[in-house]
Amino acid sequence: MLVGKIDRVGRIRTLHGDMGVWHKYTFGLAGERFFRTLAEKRVLLAPRCETCRKTYLPPKIYCPTCFAELTVWVELPPRGYVETYTFLYEDLEENRLTEPVAVAFVTFPGVEGGIIHRLGEVRPEEVCSGLEVEAVLAAERSGGLQDILYFRPSRE
Amino acid sequence: MMKPQNARGVPLKDEDLKVGKVLTTEWRVKADYAWDCGIAIGRYFDGLKEGKILATRCRRCRRTVVPPRIFCEWCFKPMDEWVEVRDTGRVNTFSVSYFSWDMTPLEKPEVPAVIEIDGCSPGVGFMHLLGEVGDNLDEILRRVKVGMKVRAVWKPADQRTGAITDILYFKPEEE
Amino acid sequence: MERVAVLGAGMTRFMRRAQETGKELAWEAARMALDEAGLTLKDIECVALVSAPDAFDGVHMKGEYLADGAGATRKPFMRSFVGGGSGVFAIIHGWYHVASGHFDTCLVVAEEKMSSTMPHPQAAFNTIYDQFTERPLGVNLLWIFALEMNRYMQVHKIPLETIAQVSVKNKLNGLDHPCHQEGITPGPDLTVKDVLDSEIMVWPVHRLMVSPVTDGAAALVLASERVAKRMTDKPVWIEGVGWHLDSSYWTNRDLYYPKYVEYAARMAYRMAGITDPRKEIHVVEPYDPFAYKELHHLEGLLLADKGEAPRLLEKGVFNRDGDLPSCPSGGLLGVGNPIAAAGTMKVAEIFWQLRGEAGARQVARPVKRGLAQAWGDLMQVGTVVVLGR
Amino acid sequence: MRERVAIVGVGCTSFRPLSPEVSFREMVFEAACRAYADAGLEPDRVGTFVAVSEDYLEGTSIFDEYVPDQLGAVLKPVQTICQDGITAIASAYLQLATGLFEVALVEGHAKASNVLYPAHIEAFAMDPVFVRPLGLNPRFVAGLEMRSFLAQTGNTEEQAALVVAKNKANALKNPLAAYPALVTAEDVLASHPVATPVKELDIAPFADGAVVLILARESVARTLKSQPVYIRGIGWMQDTPNLDQRDWSQAAYAELAGRMAYRQAGIRDPKEEICFAEVDDTFSYKELQHIEALGLARCGEAGVLLSEGYFLPDGPLPVNVSGGSLGNGYLYDASGLRSVLEVVLQLRGQAGERQLPDVRVGLAQSWRGIPTASGGVIILSNE
């Protein structure tokens, strides 16, 4: 390079900055209905495609398979099974957590998809695939994923 | 028949979000960066700290350009040399802004301009602000003209950090 | 090179703030386009998506996020990006999928949900500028338009009244578009004076010369000649495509003329076999995010000489009943500006105009060939498509 | 028959954890100069340019603005593809197939070191309503997936650890690589848990670097001085983007993209017909999962074959002889281009100390990383 390269550490410059904006999201037509119902009736509301014979979670207004509008909704109890799980040892800033967080993908009988959430009230050695779990809901529910505190081993 | 027909969409008003008519959730992404300035911008910033505007020059197309780069984008070859250009120039175009970067209204308008820098090739310059040109639109439009000669007003040397803001603004210069 | 037809177009309403998620908007537009084309998702072999910066929707890699709403689950899927030019690039992107001979059908989807951005969608535009030499100055998007507009006006001695006339034309046209954003046109008796009396945002740009912030989506269905001939007796063909990107060093160029638009147009005209665009293009949707931009772009498209577009506008040439109707849809000023979706809305308008389906918006003169164009980046990108029947 | 397309020029920088002495533009300029010199072409011969980038990895909105200058692409047809590198090659390939252009250029780069909180950026890719509010480090996705994959297929954590040992050792012979090392499977197993069963050494660390490839139609390729490497097949695929609707054990995107590429290439038995492969190994288990998805091993067999030495450089089907992302460093969407670069060098016989003997057909595969389920596959041949 005729204009020269940098060959001294002391000549290196960096500039700090950020993207400067934050975001506020609506839940969408399906999400609004799902979380309102969860808050009010303590059930999972899942849309069903009669053509594809599939029920979807998380909910959608369209069938991802055939693209038809979904208008039939079914109510499900918030009880399902751990399909897979992990113990997470890092936070978003890559700091090590003193206590790992148990995270699971929970599926529900007859449903395509499921819900990803934390596990609670469970000893680490108890956690396994196939474990039956139920959602523990917040006492004060405002509508949103935070209305589910975590899933715990089913007590029924 | 007029297309499109029966288009969908559920419009909301700003109040709908405030009064909780619809559910919302917020997120602040920690999108922070430390960008490597590299060769050209690194040296450009070094120059600004010293109160100089540095340009690079391509001998093949005979262009001298700011902001400097290590390659000539037209000849696709390395630039040949560094050139110190003057801290004066001419207004290529300007505007008068009543809003900040995030659309907060400004009491005193800002005057952004593209300034063709003396010593660079014709038409070559950079964007900066004009200052000492008035506080309101009428005054600014009376005093600022396309083609007007301007000069950089620098921060005091001990306050300069090696940044484009080491130049506070450009002000009108007597011809 | 395979011939490529447009079989259907769809869009959502354009809204300042939509309740739908971006995925849902994408689905609403894609579904309309498929219905209009008489196809189902099963018939679609690949999906091409455009959307402007992730900072709007507030999702990193938003192409991935939007994929299922765009009908791309378990299909070859690609998101292309040329800033504001993306909306018209969308059809070019879909075009090369089909023209390559590798696919018979392609669903093209354009989505933008700008309202998610806080504190204001415009704030996302600060970071389109160079982080080293420009962002620290506290730049907003309007600066660069105001700088370009002033340069254009100074070089050609264009009065502000003429620029305001573009707003009046497009905002009145937009009243006939069923999807136009509520409140985008103050009223059916809008005048040049109203535009000039509206608030100065960044002089010389007044509020009514700026397109609004919008949520929305638009979609197109493209097909090879083989499929098109089976599906419709009114095919609309993609006759020419063009796109060019200029240097990012925008302060080293003269902004008074969009050379990148000219290069893109020449590319499209060459492919379409057009030698005299002023006679051979019958209806045009140039990109109009700001009022002066329509005139600027008409010159870049070689549909007017440099500095001539304002005079042609004054003569009424660009009205719906003029010789060269421009933005009969209402454009971004009259319908709304969900960045990427706005460009695709323009392509959809040309499609509907060529099929004679634009209803109240249908231009007076007979139309066999039309053009849509978008612009983007730091005064850098021109994207052009020529459609014909 | 359609005219074939060849890769006729490759250029890159070295890959390294930091690159503070150059800006992204300067890094890309170096890679582009090398690619043009390799192809023996001037930029004005290039008809169309394709770059890969994502705004939040650059810290710039509408990043495609900053693409043209350092590529010699000013006032040319240029587009950005927000996908992985191999999908960008697909874009260039399709454009050449239309007949509109003769030569295309594809660019990808990473300034990963400039992103201060990469996990925050990854989390920002999650669904803002149904997943992101959990506020978790996105590596939990790899934990969920690795556990499911191992349970469903019978592959083991030890076998995944062997992937790391193999790839980092392979990187010792690659002068471009950022993370060559001699580590054992035991070292990997003993490293800190991150998202069980994923451990620290299972994860490819980030690197900075740039890769530029030049493609040409066969008629042009034959006139150039460089040895053309032909694209025999290319596929790219999107699975459901919803984390909560995916099959956690399978990489359907890789399987479907592979099928698409194999069909075009006329490959019926990939295990026999592919001489070597560069597959995505952003996480150790991903290599095993991708090998199986691509049909290079039967389901559940990849780990056993690996431990028998099948995928070693001197084995029957070398995988990631370059060192992969575990050895070179993870370059975000440029990782796919880095894989293709290795396949090209091998097929030209220019891979130096790690050159494989008698290779004719190579495969490269890419994945876009957490939380995506998309990627591409390309099959290249020197014949």
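In this document, chain identifiers A, B, C and D correspond to the written order of the chains, with residue numbering beginning at 1 in each.
In this section, a residue touches a chain if its C-beta (ideal position, glycine included) is under 8 Å from a C-beta of that chain, and two chains touch if they have at least 3 such contacts.
None of the values given here were measured: they were computed from a predicted structure.
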Chain whose mean Cα position lies farthest from chain A
B
So using the touch definition from the top, which pair is joined by more C-beta contacts, C-D or A-B?
C-D
With chain centres taken as the means of their Cα atoms, state the distance from chain C to chain D in Å.
34
In whole angstrom, the CA-centroid distance of chain A from chain B equals 42
Averaged-CA centre spacing for the pair chain D and chain B, given as whole angstrom
37
Among all residues of chain D, which ones touch two or more of the remaining chains?
20-22, 56, 59, 61, 68-69, 74, 114, 117, 120-121, 123-124, 127-129, 133, 240, 242
Residue ranges of chain C touching at least 2 other chains are 17-21, 55, 58, 60, 68, 73, 118-119, 123-124, 126-127, 130-132, 247, 249
Give me the residue numbers in chain B that touch at least two other chains, ranges are fine.
10, 12, 17, 22, 25-27, 29-41, 45, 69-70, 73, 101-102, 163
If you connect every pair of chains that touch, what shape comes out? Choose line, ring, star, complete or other.
complete
Inside the complex, what are the residues of chain A that reach chain B?
1-6, 11-27, 29, 31-32, 35-36, 92-93, 143-145
In their shared complex, at which residues does chain A touch chain C?
15, 17, 19-32, 60-62, 64-67, 69
Complex contact set, residues of chain C against chain B
9-20, 25, 28, 32, 36, 58, 60, 118-120, 122-123, 126, 130-134, 136-140, 142-143, 146-151, 154, 178-179, 182, 199-205, 215-216, 247, 249, 251-255, 348, 352, 355, 357-361
Could you pull out which chain D residues touch chain C in their complex?
2, 49, 54-56, 59-62, 64-69, 73-83, 87, 90-91, 93-95, 97-100, 121-122, 124-125, 127-129, 235-242, 252, 256-257, 260, 368, 371-372, 374
Show which residues of chain D lie in contact with chain A when the two form their complex.
20-22, 56, 59, 61, 114, 117, 119-120, 123, 127-131, 133-137, 139-140, 143-148, 151, 192-198, 240, 242-245, 248
